[in-house]
Amino acid sequence: MSDPGRALPAWLAAPAPLPTFPPAGAPRRDVLADTVHAIAAAFERDLVCEAVARRPGLLQGVDPRVKLGTLFALIGIVGALHHVGPLLILNGWLLWLAHRSQLPLGAFAKRVWGAVLLFTGTVVFPTLFNIIRPGTPLLVLFHTSHPITWGPWTLPSDVAITHEGVAGASLLLLRVGASVSLTILLTLTTPWPRLLQACRTFRVPPVFCAVLEMTYRYLFLLLRTSSDLFLARRSRLVGQVGGRAQRRFVAGAMASLWGKTAALSEEVHSAMLARGYAGVPRAVGQCAMAPSDWVWVALVGLVALLVVGGDRLLG
Amino acid sequence: MAESGPVFELTQVSYRYPDGAMGIRDLDLVIHARERVALLGANGSGKSTLLKVLDGLLFPQAGTVRAFGETLQEPRLREDGFRQVFRRQVGFVFQQADAQLFSSTVWEEIAFGPVHLGLGDAEVRDRVADVLALFELKSIQDRPPFRLSGGEKKKVALAAVVATNPAVVLLDEPTAGLDPRTQRGLLDLLLRFGQGGKTLLTATHDLDTVSELADRVLVFGEDHRLVADGPPAAILADKDLLLRVNLIDPRFHTHGHDGAHRHYHIHN
Amino acid sequence: MHIPDGYLSPATCVSCGVLMVPAWVLAARRVRTWLHSRAVPLMACGAAFAFTIMLYNIPVPGGTTAHAVGGGLLAVVLGPWAALICVTIALTIQAFLFGDGGLWTLAANCFNMALVLPFTAYAVYQAVSGASDLRATRRWVGAALGGYVGLTAAATCVGVELGLQPSLFHTANGVPLYCPYPLEIAVPAMLVSHLLLAGPLEGVVTGLVIRALQAADPSLLDLHARSLAPPTGARKLWWALGGLILLSPLGLLARGTAWGEWGIEEVQQMLGYVPAGMQRLAGAWPHAPFPDYALPGMTSSWAAALGYIVCALVGVGAIAALTHVMSRCQMAERAGRSSERTE
């Protein structure tokens, strides 16, 4: 520690004048802040799920292992449907499930269908037209005198929205929507630690289950460390920084995080050894299923039968 | 394992870290059952290293370590039988709570020790319920560790260690960074364990809690050697010693009653 | 690069699962042998690390940001087998808890980002840096190249998986049931965007991080040296087999049909009639999944080449699996016999 008698350097000892701020100008986008926001969003998601998982709804009462198994199977059923009708019915039933599980329907629908229409809709939009794939026209948009060829791609003379295009797009949109709904229903109504513990039942090797649960535990620690790193950088940044320097910072942040991660894993290992761990993860056996769980399985089975049966009947 | 006799016996033990840093140097030490010992010393003087050596996590390059009459060596600790008995007898509360709480919820954390030491499912559940009640942790039993406050983390860490009912509890800076009320709660718990017959070794540089926590104080110097060994009253009154090992600064002073302490006041 | 649910058929998802299970089992075994009791904490922290760096926004020229996957980085630092496990766990957490990537498509995403990406990146890294000093320039250049090539290879696989859907899975009228883009669009689209944008970014980030680690603590780059089995003679044979698989489309250049392998139409042309026995038996097995070594529904020449490679992989995989099962039975029988003898 420095000798308390030594004088401070002049620039440190001089009293700082009051700052004068320049007039308002164009704000420059702070790219590094996006990472901080993304991390904060991850924390928020966990908290929201915790809150919803506590409500006394239909899905909250189902055992997490049963939920995981049935909802996972339902995603497979979604993949096996070939017609728009049964997919619509299934999506409707999922909305009803969300309502019965005390999820705010407006927010749920917006979260699922907003995202699906935005992302999947954008991806699938070009397939509506017979530019990508020829088909029977549903609505002719415009008409050129002859087909235009450009390398391996040809633009047909009648550019139109096709039946097949609309059918394929709607199938994909409904499928993705149903799958996303099922995943959100699963994660919102189950506390995350219990969801990951449910993997133990499905014959996943104990090492994988142990790693999965521990990853969840340390995920948020590393996220917080990263957030602090980025925030500290932001608070120390005085001038403008170009993309290259920012990339260098991000890479440096990753390297520093790796150093901390490696050190953390050593400490965790010591702590595990001190409590009797010897390399074989063990866990307490899980409770038996309740009658309500069997009712739920029966309900899901019924819905699946109806929907797939209807699908096969339609052709 | 020997019924009577010392719990720990160290003979000329030296440990140096792989990166070259010194841990402990030429240590001779005997700890008996039911003793409450405080390890005092500035940061880096070797207190944490000693605790890890006693817990069979670090193995010294020189000297021998005997615990409960058996020599502690790495191959011996890899034998299932010896390991299970030893780990059940000795518990370690680490300084960094985040490394120590590695399970996905508080319940799982407390259950980890009993489960890995071979207890049956029903017994594990009962144990965990008892420990949760004792530490008043029932309300947060399903919470993941990253959502616990600093004080809650330390409590859970101690609870997880106590769940295996060890005869010896090693603590590394248990009260560091805690607010006064939480610190008081933790100290009371430790006192109860001490009265219950457990051997406690606490590494700390917080002089205020030493006389409560310990009947015997070991002082480590910055040269990584054991410098003093005696009752708290005598050690804490020896101001020259404390200054020499960098445990107090020159402005520290005591008032004319038992026990050295620091408190806030203004001299006009 | 994460494929959401709904874009791949259940059959494709299950096939990817079948491919991944032996990879996971082998990776778990390798990592346990290397790390013993350190496996669980190191893999967990590694997976948490992988997840975290996938969230980092990295500025790209043009003003936008992108994300790195980090599979190449983990492969260089922890070895490809450990990287497989860490990325698998990170993808699992992303799919289950954050909705990034589907649940049924998890195996396919793992195949792309946990298998193809780290192994390709590691192979390139080893080829470039060899046994050079831990602080050498070749190390981080190799890592950067590895990240680039690895990500592009993974992107190609994504393109193939998506592009195969319309031709393999469609209704009677040709409406695509899952991803609607055929191979001719999906693969070039993935390739172009990754060759030009995401690939270089992954490479640059991987290289920069390795360089930073070289400066901070080079020993971190050597953690996995003992995790890889020493190269045996069999390894060279596998490489040779891989080369032969890639060269198999050369057969397409040969015109006509080999002697004695004619179909009924060719026999009719050559002889003017078809022998009765041949007529009866010609359609005896109509269930071949890959008739004439071609992927069903595709006729363009490079799709035919791809068909040859896919068929070669399927055939080699089937033979390897059968051989493995037979050798296991043999070993069990031998062990049983020897224990009988000792009793």
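A, B and C label the chains in the order they appear, each numbered from 1.
Assume a contact is a pair of C-beta atoms (placed from the backbone, for glycine too) under 8 Å apart; a residue touches a chain by one contact, two chains touch by 3 or more.
Here the structure is a predicted model, which is why all the values come from computation and not from measurement.
The minimum number of touch steps linking chain B to chain C comes to 2. The greatest centre-to-centre gap from chain C, using C-alpha centroids, is found for B.
Rounded to whole angstrom, the centroid-to-centroid distance between chain B and chain C, based on C-alpha atoms, equals 50 Å. With each centre defined as the average position of its C-alpha atoms, the distance from chain A to chain B rounds to 42 Å. Chain geometry summary: the mean Cα position of chain A and that of chain C are 24 Å apart. Shown for chain C are the residues that touch two or more other chains, namely 41.
Counting partner chains per residue, chain B has residues 102 touching two or more of them. Shared contact sites, meaning residues of chain A that touch two or more other chains, fall at 192, 196, 214, 216-218, 221, 264, 268, 272-273, 277-278. Chain A contributes residues 29, 31-32, 34-35, 38-39, 42, 45-46, 72, 75-76, 78-80, 82, 120, 124, 127, 132-133, 135, 152, 164-165, 167-169, 171-172, 175-176, 178-180, 183-184, 186-187, 192, 195-196, 205, 207-208, 210-212, 214-219, 221-223, 226, 243, 246-248, 250-259, 261-262, 264-266, 268-269, 272-273, 277-279, 281, 315 to its touches with chain C in the complex. If you check the complex, the residues on chain C that touch chain A are 4-10, 13, 24-25, 28, 32, 36-49, 51-53, 55-61, 63, 65, 70, 73, 77, 85, 89-90, 92-93, 95-99, 102-104, 166, 171-182, 184-185, 204-205, 208-209, 211-213, 216-217, 220, 223.
Put simply, chain B touches chain A in their complex at residues 52, 55, 57, 78, 80, 83-84, 87-88, 90-92, 94, 96, 98-105, 108, 111-113, 115-117, 121, 124-125, 142, 144-146, 160-161, 164. Taken in their complex, chain A has these residues touching chain B: 191-193, 196-197, 213-214, 216-218, 220-221, 224, 264, 267-268, 270-278, 282-285.
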